[in-house]
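Attaching a single structure in structure tokens format; questions to follow.
Letters are used for the chains, namely A, B, C and D, taken in the order the chains are written, and counting of residues starts over at 1 for each.
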Amino acid sequence: MFVTPYMVRFADVDNAGIFYYPRFFHAFHVAFETWWERDVGRSYYQVIRKDRIGFPAVHIEVDFKRPVTFGDPMDIHVGVKRIGKTSVVFRYRFVHRETGEVHNEAEITKAIVDMDSFRPLQPPPEIRRALERIRIT
Amino acid sequence: MFVTPYMVRFADVDNAGIFYYPRFFHAFHVAFETWWERDVGRSYYQVIRKDRIGFPAVHIEVDFKRPVTFGDPMDIHVGVKRIGKTSVVFRYRFVHRETGEVHNEAEITKAIVDMDSFRPLQPPPEIRRALERIRIT
Amino acid sequence: MFVTPYMVRFADVDNAGIFYYPRFFHAFHVAFETWWERDVGRSYYQVIRKDRIGFPAVHIEVDFKRPVTFGDPMDIHVGVKRIGKTSVVFRYRFVHRETGEVHNEAEITKAIVDMDSFRPLQPPPEIRRALERIRIT
Amino acid sequence: MFVTPYMVRFADVDNAGIFYYPRFFHAFHVAFETWWERDVGRSYYQVIRKDRIGFPAVHIEVDFKRPVTFGDPMDIHVGVKRIGKTSVVFRYRFVHRETGEVHNEAEITKAIVDMDSFRPLQPPPEIRRALERIRIT
């Protein structure tokens, strides 16, 4: 599992005082990019533009259990639930750093594709190993 | 069902040339707000701030079937799949206006809550009727 | 001058109850794209991707005079203040549709560039004519 | 001056391959919030919600000198140019961490207001001292 802090920003919180839920998906994506940089040692930029490998989302399921508000000290936990031949299921959780409570949880299934043909692609061994390292059970 | 056009914007499309998927959720929310204005005759602003009724998302499932790109003439179709006592399941589809193809489809379960207590609330009859009008089977 | 309605969205308004000012710049850009579609008869997509002409911002000045809040019926007024050889100064105003009051006003200087070389470019006559049509004095 | 790293995100970069300029304003705001947390020792959340002091933008000037692209290692430099009785002029710069080049520069004049009355307010001494500490000449 990969853990990265998430600072709730002024613009994340809506007029009703809680995190505007569409923005969680951007936060998950930023956590995904951060994982590449910190844990894989290769930026998502390099993966997409140089290796020509992309990870488009094909299916998402999310449970919102508790709202997130301005000032909440949150972490995003990134894990991998399943690794297929040409796909991978990531699990993201917004976790309160002090209480440990899971405020929401998303499973995002991503295809692994060749960016030139948009065809399914089996990831190279070093990417497969990086995915294995954050596998959760 | 309620149909509203969606013009793909320059900022919606990412560097890989396709709609950045986290932004679909904002697009769905804007379609939801447009439905209130056009079809219910009461803005979401009034519903939240004056009637003190909110619709926080509690569960989301999405299938991304085909990418959306800059210049695609899209519509968002908003329908209601189930009406519970204090919840409602909306279905949103990004549909290509010319081919009729569904590019993605989301089911978003929303709680209906009192904005002051954040407690579940049975919607007043005029809101229930508005939800019934866009029911899909 | 080109006028397009702007519906203030739930996500535009921040926790303090007013339009989060960084989002005005996206709203101005959407108005700019709408002008291409409605008034020039050529989408910004076609201009960038097919004609290979881009309009990157080089200088911006904005005055925020009055806040914009959720529910305010606003228009964006788009005009052209100056047309240079390879640049153009647009003026955008957020105007209250009922009171006519200008809530904010931006001048955005854009270079006109060849998208392949990023070099300055003199716009073709039909674009110059379209810019002339919304000239303000 | 206060310096905070900015990681260019996939969603920041548009289809033309460069930072979509409206998003710089959100990046400046996040740098502003980070300054409160790291340097002032009081989150912007606390300032707005507990101290009831807000900093709405009243005037902005920006120069875009060089584009920012995906993968560029950037810092945001936050400084204060002028401190008035009830206003303050911040200067933000996007600076390339390796070359030291300034890619863009913004001056944002903010009013200091009482969040309950929206009236001008003289900031308390500890805020004035924090502003003085990042003064630039």
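The rule is short, and it goes like this: contacts are C-beta pairs under 8 Å (C-beta built on N, C-alpha and C of every residue); 3 or more make two chains touch, one makes a residue touch a chain.
Keep in mind that what you see is a predicted model, and the values were worked out from it rather than measured.
Chemist: Which contact partners do chain A and chain D have in common?
Modeler: B, C
Chemist: Does A-B or A-C have more contacting C-beta pairs?
Modeler: Most C-beta pairs in contact, of the two: A-B.
Chemist: Where the CA atoms of chain A average out and where those of chain C average out, how many Å apart are those spots?
Modeler: 34
Chemist: At what distance in angstrom does the C-alpha mean of chain C lie from that of chain B?
Modeler: The mean C-alpha positions of chain B and chain C differ by 27 Å.
Chemist: Per the centroid of Cα atoms for each chain, what is the distance between chain A and chain B, given in Å?
Modeler: 23
Chemist: Among the residues of chain B, pick out those that touch two or more other chains and give their numbers.
Modeler: 10-11, 15, 20, 22-23, 26, 29, 48, 70
Chemist: Line, ring, star, complete or other: which describes how these chains touch one another?
Modeler: complete
Chemist: Touching residues of chain A toward chain B in the complex: what are they?
Modeler: 15-16, 18, 20-23, 25-26, 28-29, 48-49, 54, 56-64, 67, 115
Chemist: For a test of understanding, state which residues of chain C touch chain A in their complex under the given definition.
Modeler: So the residues of chain C in touch with chain A come to 10-11, 13-15, 17, 20, 22-23, 70.
Chemist: In the complex, go through chain C and note every residue touching chain B.
Modeler: For chain C paired with chain B, touching residues are 7, 9-11, 26, 29-30, 33-34, 37, 43-46, 48-49, 70-71.
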